[in-house]
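Here come two complexes built around subunit A, the first alongside subunit B, the second alongside subunit C.
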Partner chain A sequence: MKIYTYAIIDSNSKISDTINGLEGIGVYNIPYRDMGIVVSSHSEQIQNITKDHILKYEEIVERLMEDFTVLPMRFLTLFNREEDVLLMMQEHYNGFKGNLDRLRNKVEFGIKVIWQGETIKNRIIESSKKCYANLVIPDNSPGKSFVKEKFEKYKIDKEFEEEADRCITIIDYFFSRFIAEKKLEKLKSDNLLLSASYLIEKEKQKDFIEVFEKIRAAPGDLKFLLSGPWPPYNFIVFTKNANMFNRKPVSQDRAGENAI
Partner chain B sequence: MDSVITESKEVTLLEILDRILDKGVVISGDLVISLAEIDLIYVGLKVLISSVETMERLRGAPFAGATEEPT
Partner chain C sequence: MTINRIVETDSPQDFIEEIEKIQGALPKRIDANPKNVEKGLAKLVLTLIELIRKLLEKQAMRRIDAGSLSEEEIEGVGETLMKLENKMQELKGIFGLKDEELNLNLGPLGDLM
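After this line comes the complex of A and B, so read on.
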């Protein structure tokens, strides 16, 4: 038997609606104390995972999110036996409980901000060239040229990052007043200025989206992408001690590669 | 996926992958992907996301077989 997991929820009750999981197999809640973990039970491991499986998984977690606070399990986390599921729940009950309490009535939104990074960098390079045009190196040895080149690159990168910081500070200022928590990633590539995840109380979603639309409509070269509301994938926190996930797999067969 | 507001289906799938493969309750920590490159969003995503296996091949790592300790 392979038990595919979807999410930990803040309910130990039977799921009232019929929800079909991966491969059309119905999901059910395995209760543990005052919470539960939603799973589907399969006779064998699913072969040939496709994007349909990915979309189905996300659809199920979002469906659960309508009725419960959810802690999504990583996609394709599976167990060999219900006993193992319960053992995992037992070992990490406190961690799950803390996350469920913290994330209750909250959703995640993703914002990506794209800027013309290459253009900006080229502008900085040009400006830097003018700055150093009159700089004469008396002894134009390869060593000194190398150091000069490295120093110029450092200055350009630094200025590029400072410009990014300035933009991100302004953008983040508008969103921060609505949020409970945030995660910001700067310059994952030259053109991706900001990749942000914001945790927001459900009742503030509308305000958040309104502000986003205003910012997106503002004149400028920035391009904004919004996604959400998501289950709070980015805001589930476990301390090292609360994380059991260094246990050895029960099985070492192919299913066991990802199974606990 | 009605609740997800995005510019296109490709971006939606990117956002889903970015979350479900290494976020949430992570049992094992080997599957870390970075699909946030702009070029991937606008140029290669349709091809890249033709299947998870294709994605994993491009990433150069097996899909299953996580062995590292979690992050």
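After this line comes the complex of A and C, so read on.
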């Protein structure tokens, strides 16, 4: 038997609706103390994983999110026996509990912002040609010429990043008023200025979306993308140390070492 | 409660292109098999060396920017960095590796290249 896992939820009750999991097999909740883990049991391991499997998994996690606080399991985390699932729950109970409490009634939104990165960089390069024309580094030897070239590039990149920081600070200021937590990634490419994940209380979703609409409508070259609400994929904080004070020995073989 | 998923943008194509660009920059896994194990290993080692080289270079630029290096020291640093870069080019050529193949996702720090 192979047990595919979908999410830890903050309920130890039976799932009232019929939800079909991977390969159309119904999912059920395995209770552990005051929480549970939603799984589906399969006679054998799924051989050919397709895009449809990934979308199905996502659909199930989102369906569970309608009724529960969810901690999504990594896609295709599987166990051989229910006993193994329970051992994993026992070992990591404190970590799961802490995350469920912290993420209760919260959802994740994604914001991406594109700016005219290439144009901005070209402008910086043009102005740097004037600024660094009389640079302090003399280029009267191969070593110094090499450093001069690298230093000019370093200064251009630095100025580019500083401009990005200024822009991100302004954008983030407007969203930060409504959020519980955030994760910002700057300049994943020259044009992708910001890739942000915001954790928001469910009751503040409307305010957050309204702010997005206002920023999006503001004049300028920035392009915005909003997506959500998502399960809190980017906000699950999980370390093995979280359970070090309540750990019991676990000796059985486990198939799901990489859970969450 | 029903979730009303929102995906809102005026420029979907621009975002698709940027995201594809980022995803294409990093290999999904190290391609190690008996036929190309040498190249796979070289790629891994050279990526790590490249990371260290870039860190050294950045630190040197910071020190120059702060004005804490003398002209002689700049000369020494320049020569060292130049030799390192030339050696890396040579090694990449031997193993048939391109610059974009020596990339590394450094988590919150972004990508190496």
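In this text, the second predicted complex is superposed on the first by the 233 of 260 C-alpha atoms of A that agree within 3 Å, B and C clash if a C-alpha of one lies under 4 Å from a C-alpha of the other, contacts with A are read in each partner's own complex, and residues count from 1 in each chain.
The criterion applied here is as follows: contacts are C-beta pairs under 8 Å (C-beta built on N, C-alpha and C of every residue); 3 or more make two chains touch, one makes a residue touch a chain.
These numbers come from a predicted model, not from an experiment.
J.: Give one of first, second, both or neither to describe whether A:49 is in contact with subunit B, with subunit C, with both, or with none.
T.: In the superposition, A:49 contacts subunit B only.
J.: Looking at A:189 after the superposition, I want to know if it touches subunit B, subunit C, both of them or none. Which is it: first, second, both, neither?
T.: In the superposition, A:189 contacts both subunit B and subunit C.
J.: Now for A:58: first (subunit B), second (subunit C), both, or neither, which partner does it touch?
T.: Once the two structures are laid over each other on A, A:58 reaches subunit B alone.
J.: Contact-wise, after the overlay, does A:236 reach subunit B, subunit C, both or neither (first, second, both, neither)?
T.: So A:236 only meets subunit B here.
J.: Which partner does A:228 contact after superposing on A: first (subunit B), second (subunit C), both, neither?
T.: Once the two structures are laid over each other on A, A:228 reaches both partners.
J.: Between subunit B and subunit C, which makes contact with more of the residues in subunit A?
T.: Of subunit B and subunit C, the partner in contact with more residues of subunit A is B.
J.: Touch check for A:15: first (subunit B), second (subunit C), both, or neither?
T.: neither
J.: Figure out whether A:72 sits in contact with subunit B (first) or subunit C (second), or with both, or with neither.
T.: The answer is first: A:72 touches subunit B but not subunit C.
J.: Could you tell me if A:146 is touching subunit B, subunit C, both of them or neither one (first, second, both, neither)?
T.: After superposing on A, A:146 lies in contact with subunit C but is clear of subunit B.
J.: Just to be sure I read the superposition right, which of the two partners does A:154 touch: subunit B = first, subunit C = second, or both, or neither?
T.: Touch partner of A:154: subunit C, not subunit B.
J.: Could you pull out which residues of subunit A sit against subunit B in one structure and against subunit C in the other?
T.: Of subunit A, residues 62, 112, 114, 185, 188-189, 191-192, 209, 225-229 contact subunit B in one complex and subunit C in the other.
J.: Can you list the residues on subunit A that touch subunit B in the complex?
T.: My answer: residues 7-8, 48-51, 53-55, 57-59, 62, 71-77, 96, 110, 112, 114, 185, 188-189, 191-192, 195, 209, 225-231, 233-234, 236, 238, 243, 245-246, 254, 257-258, 260.
J.: Which part of subunit B faces subunit A closely enough to touch in the complex?
T.: Contacts found on subunit B: 1, 3-7, 11-13, 15-17, 19-29, 31, 34, 36-39, 49-53, 63-66, 69-70.
J.: Under the definition above, what is the set of subunit A residues touching subunit C in their complex?
T.: On the subunit A side, the touching residues are 62, 65-67, 112, 114, 137-138, 141-147, 150-151, 154-155, 158, 185-189, 191-192, 209, 212, 216, 223-229.
J.: State the interface residues of subunit C toward subunit A in the complex, per the touch definition above.
T.: Residues 1-3, 5-12, 14-15, 18-19, 21-22, 57-58, 60-61, 64-65, 71, 74-79, 81-82, 85, 108, 110-111.
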